[in-house]
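Next come two complexes, and both contain chain A; in the first it sits with chain B, in the second with chain C.
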Partner chain A sequence: MPELLTVLVYGLVQAAVLLLVALGFSVTFGLSGIPNFSHGGVYILSGFVCWFSLRKLGWPYPLAVAASVAVAATVGLLVYAAVIRPVRRLVLAEVIATFAVGVAMLELFRWMGLVTYEFNLPAVVAGSVALGDVVVDAHRLVVVASAAGLGLALWWFGRATRTGLALRAMAQEEYTALSLGIREDRMAALSVVLGSALAAVAAVLVLPLGLISINLGYDAMLVALAVTVTGGTERTAGLVLAALLLGLSTVVAGVLIGPHWSEVVYLAAIVAVLAVRPSGILGRLKELEERV
Partner chain B sequence: MVFYENALALNEVSVQLNPAEVVGVFGSNGAGKTTLLNTVAGLTLVYARREARRGGVRVTVAGQVRLEGQDVTAWDVPERVRRGLVLCRERHAVFRDLTVSENLRLGGYLRSRAEVEESVAFACELMPPLRRLWRKPAGMLSGGEQQMVAIGMALAARPRWLLLDEPLLGLSPALQAEIVRVVGEIRRHGVAVLVAEQYARAVLPVVDRGYVVESGALVLSGTRSELASQAEVQAAYFGGSWASPRTHP
Partner chain C sequence: MVGWRVALAIPLVVMVALLLGPAAGGAPVEPVVLGVPTALGSIEGADSLRAVQLAVDEINARGGVRVGGVRRPLQVVSIDTREHEPGIPIHDALAALEKLITERRPHAIVVGAFRSEVLLAAMDVVARYRVPYVVTIAMTPAFEARIASDPAKYKYLFRMGLQSEYFAGNLARVLGFVKSRFGLSRVQFVHQDVLWAKGTVGFLETWARQAGWSLVSADAYPTGATDFSASVLRARTGRTQVLVPVFDMPQSGILLKQVKGARLPALVLGFISPAVPADAWQTFEGAVDGMVQFVAEPGPIAIRALPKSVHFNRAYGEKYGEAARLKLSGHGPGPSYDAVYVVAAAMERAGTLDPDRVAEEIRKTDMEGAIGRIRFNDRHQVVYGGLPTQTAISLAFQWRAPGRRVVVFPEMAAEDEIRLPAEIAR
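Then we have the complex of A and B:
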């Protein structure tokens, strides 16, 4: 049985990974109610764009990252305009249409043969750090710091910028927001673009932990769903707590039972939360009940 | 005319609002006041389009909205707001998780930063409690305070024509008087106000003219004094209900 500290450190890293991977999906869903399941496809696409810019075009790292964020944002806009907008507000159609796009992207990559061992991304910083008895590579700490930083940046964006406020307003009181002249279509598009850009940020931070593989795209969709359902979309704190819970549980499950149990943990969390607290662990169940 | 599925919400109702005038629209629950204001503001069109897409309520909108003689019926909401036609929705329509200052800032979403600063300062001068509540989430405020935020938001949009939907709803008589004073001040600054209320009495001192709608139809209109004298006769609209203003849950 490994040290408690090891479990805690790796649980924290895992939590940061889950938060990063889920953030884009959650933000889009929380702001406009769009369940954008092309998320997993965009996530892997961003990884390949970064890889291609670095390895084939020889671009410097920051430029490669910027390219992958830009491509993801553009793809997000296209997905919104071509796929989501025509079926907007028909929730089931939104799920099916975006999921189809995600699957199409991933299977296209598979068909193109992008499945070999050469597809890896570099760590942001090399080397490793000793935390007491536990040795962690520096990149994992960058992942944790980035997850925290990104959470704070989003919090700031939602409060300090006019667009951020308008997005939150739209999510809270749609018709009042509309009555102030906020355009629904623009806000919905923006929420998808923002979510897709966040998927790219997650990709360049998380994918260096292993190889870029198609299946990680499907994993990303499952993780996004698990964290979002568990955390609810009303508060960032809910997402953070959900990521921590799921991160620690998967690490503990991996240690106690075996390494292939994480998917079971995600699915169990989804089912349990939907059964007990449909608005998420920090959701305002009371308000939900009042509305019913 | 507005038709919801098979309920006629407004039929042949025509109202006019002149510059710097306060006009009342009175009528009981379901009379069509909100429908009228939403239609003028352009929200009914949004609702109609959205329901059509979902295959929900069938909404038919007919008739005309004119601003200074110009037909703006087909304009969308942002265009109307930019032109100065601003709606303050019923039931203290504020963003509950946003602070008072964030709410007010959002009110001026389509205006420049300088314009918003100026109009928010004006709103705070009219309604001093807003400054004190500045950092509180709007959802934590009392009904009266929320109404001030809602009106402040509308003012931040720099209206020339302000549509107020039941601003007195659920407020104590003292707060009602305060809001009525604010409406008077807004008019004094050159803004025309169309105010919908169930009970005419509380706002009567500040209105110049008024309309009474019942089941989507215009049943009465006139100046304040005409309405006041009618009021003695028409207890249904003005009299019996004075003592028991409606509150909502």
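Then we have the complex of A and C:
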């Protein structure tokens, strides 16, 4: 019984991590249809900005987090203006262009030698908490609470604000949205900025669990893709459900079979969902469903 | 009359002096080139290159190497093989090695391969180009087996760094101690999925079963992994008492933070490369507390019984600064520093840079170094043991508050016995 509880608690933590990492990518894709694969690069950049602000400039944690979010949002805007806008609506070109930006950012960090163990962020809250027989570090609980809070906030944003509704309208039917006076270009830019800012929030919450490692940028791309494909892009609930399924599966696979198998879960999920229900667990893309 | 003769004589004398000058001893002597093809982005590779440069500067300050009656300065040329990075194929590292050999024409190579997989593949390249090669980082025992299989072909290759069987043997000895001293019996291995670490853990698994340990699991992680929570969970559910990590990647230090975060009641005893430097206590915010950390060779830690290790440690700090000395890694720098002296001495004894004769002299080496007494066995591996007057040595220390590294192994260098961390002692 304590073993089961341990797996459940850590599975929930892992689900929260996956949700946080995927939210930025998924929000951009879900709201404006832009597959922003520079997500992994922005995620790691935000970690480095936070580290630099904390360790080199000596700024307090909240200010370092704010700096990370601000830099990520600015980079998102620049990526949109310089890279995405010229190839807008050419989906394959969008994928290639944003992926290239992400890889270029990550490999630039590697070239700059940002690869040592020094690049780690402190926990937001130090110490551990005992949940019955299960001991979990307090920072992981912060990650869970933040993921839940962000998920709810985004759900509210998409339904209760004019900007959120405009973004969703654009995602559902772009030309009708245009006819209603929604400025498509501005909304698309906003969705990329929002997604990049969310990548920064994920970075400052998730990276303290490990190191700021270049490879985590590539992992972030994989995780974002796996959660988005599995959950479907239209509903936040789908993302949450996908994160829960994948989080629990990776922890169970890691504990019962071996740590190597955790990564396989993401890939297996992508393949299985694309084969059986290509719009995702809670997705409603008729076009895709009808084809299968 | 005298005037025009003097006017003619002066340029004549100058011309003769210019023509004869080089033959009279003023000619620029060609340097002896030492190649360093390794993973320069890794902490071990970067520190080893600096250790090589330190030794080269020391030798040059004394006038260089006397080869065939001529003193020649040493010169270091390096290339980054990037082999420590995830996803870099062996072929890329070999291409870098070949580029260094063909373009810079080193008279000998030191430090060499970082990954064992690269070392094994590089052996044929080195044999083909006939360059004396002293490796100080890659640890696989397969290196010795390969040399034994064809000693004539691989006569240019030597290893001064610790071989993984010695490392595994030392780990087994210390595990045996904690079992008998504290009655611990449940062990779990967590290791990087690379050749030397797999070999080490493979040996230890077999040994542990025979020695009466109960094996919880042996978990492999790919290079670059940063989440070890699966093993922490396995440790908790399997009631692990001794957790043995075997990693040489910078990300592995996070395992300690995750173990501490889960308040795991287990002694951590093994090798986590980023947990060696003196500033690891600050870097990991005290998460290293209680860990018994192995150091492949002296260098980052000065041993009083080894005066050259004390000199190396001090000289390194003076040349590169105190911050760099505090970050010295636990594998590579000590033997890399010594390797320059071994090669230089071999060249002087050979009296030539002919690779066959230099290799033959390297094989005969018997000298005191920062790592202990340096002698090669018949498979070109420096012999490691417990007595620095007889062999090179490897050591282990325990991290204790407030950030002290207390040497606990081997006995001749130990400052104290291993103590159980408070969590497990309770």
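By definition in this document, the second predicted complex is superposed on the first by the 282 of 292 C-alpha atoms of A that agree within 3 Å, B and C clash if a C-alpha of one lies under 4 Å from a C-alpha of the other, contacts with A are read in each partner's own complex, and residues count from 1 in each chain.
Please note the rule applied: contacts are C-beta pairs under 8 Å (C-beta built on N, C-alpha and C of every residue); 3 or more make two chains touch, one makes a residue touch a chain.
As the structure is a computational prediction, the values presented were derived from the model and not from experiment.
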Subject >> Touched partner set for A:Val115, first chain B, second chain C, both or neither >> reply: second
Original post:
With the two structures laid over each other on chain A, which partner does A:Arg183 touch: chain B (first), chain C (second), both, or neither?
Top reply: first
Original post:
Which holds for A:Ser128: it touches chain B only (first), chain C only (second), both, or neither?
Top reply: second
Original post:
Is A:Arg159 in contact with chain B, with chain C, with both, or with neither (first, second, both, neither)?
Top reply: first
Original post:
So, does A:Leu90 touch the first partner chain B, the second partner chain C, both, or neither?
Top reply: first
**OP:** Pick one for A:Gly217: touches chain B only (first), chain C only (second), both, or neither.
**Re:** neither
Subject >> Touch count on chain A, higher of chain B and chain C >> reply: C
**OP:** Determine, under the contact definition given at the top, whether A:His260 touches first (chain B), second (chain C), both, or neither.
**Re:** second
Subject >> Touched partner set for A:Ala169, first chain B, second chain C, both or neither >> reply: first
Subject >> chain C residues touching chain A - in the complex, by the definition given at the top >> reply: 41, 43, 85-86, 193, 219-222, 224-231, 233-234, 236-237, 250-251, 253-254, 257-258, 260-263, 274, 283-285
Original post:
Considering the complex alone, what residue numbers of chain A touch chain C?
Top reply: 2-3, 6-7, 10, 14, 110, 113, 115-118, 120, 122-123, 126, 128, 135-137, 139-140, 209-211, 213, 215-216, 251, 254-255, 258-260, 262-263
**OP:** Would you pull the chain A residues touching chain B in the complex into a rising list?
**Re:** 88-90, 159, 162, 165-166, 168-169, 172-173, 175-184
Subject >> Touch list for chain B against partner chain A, complex >> reply: 41, 43, 46-47, 50, 53-54, 77-78, 80-82, 86-89, 93-98, 102, 105-107, 109-110, 153, 157
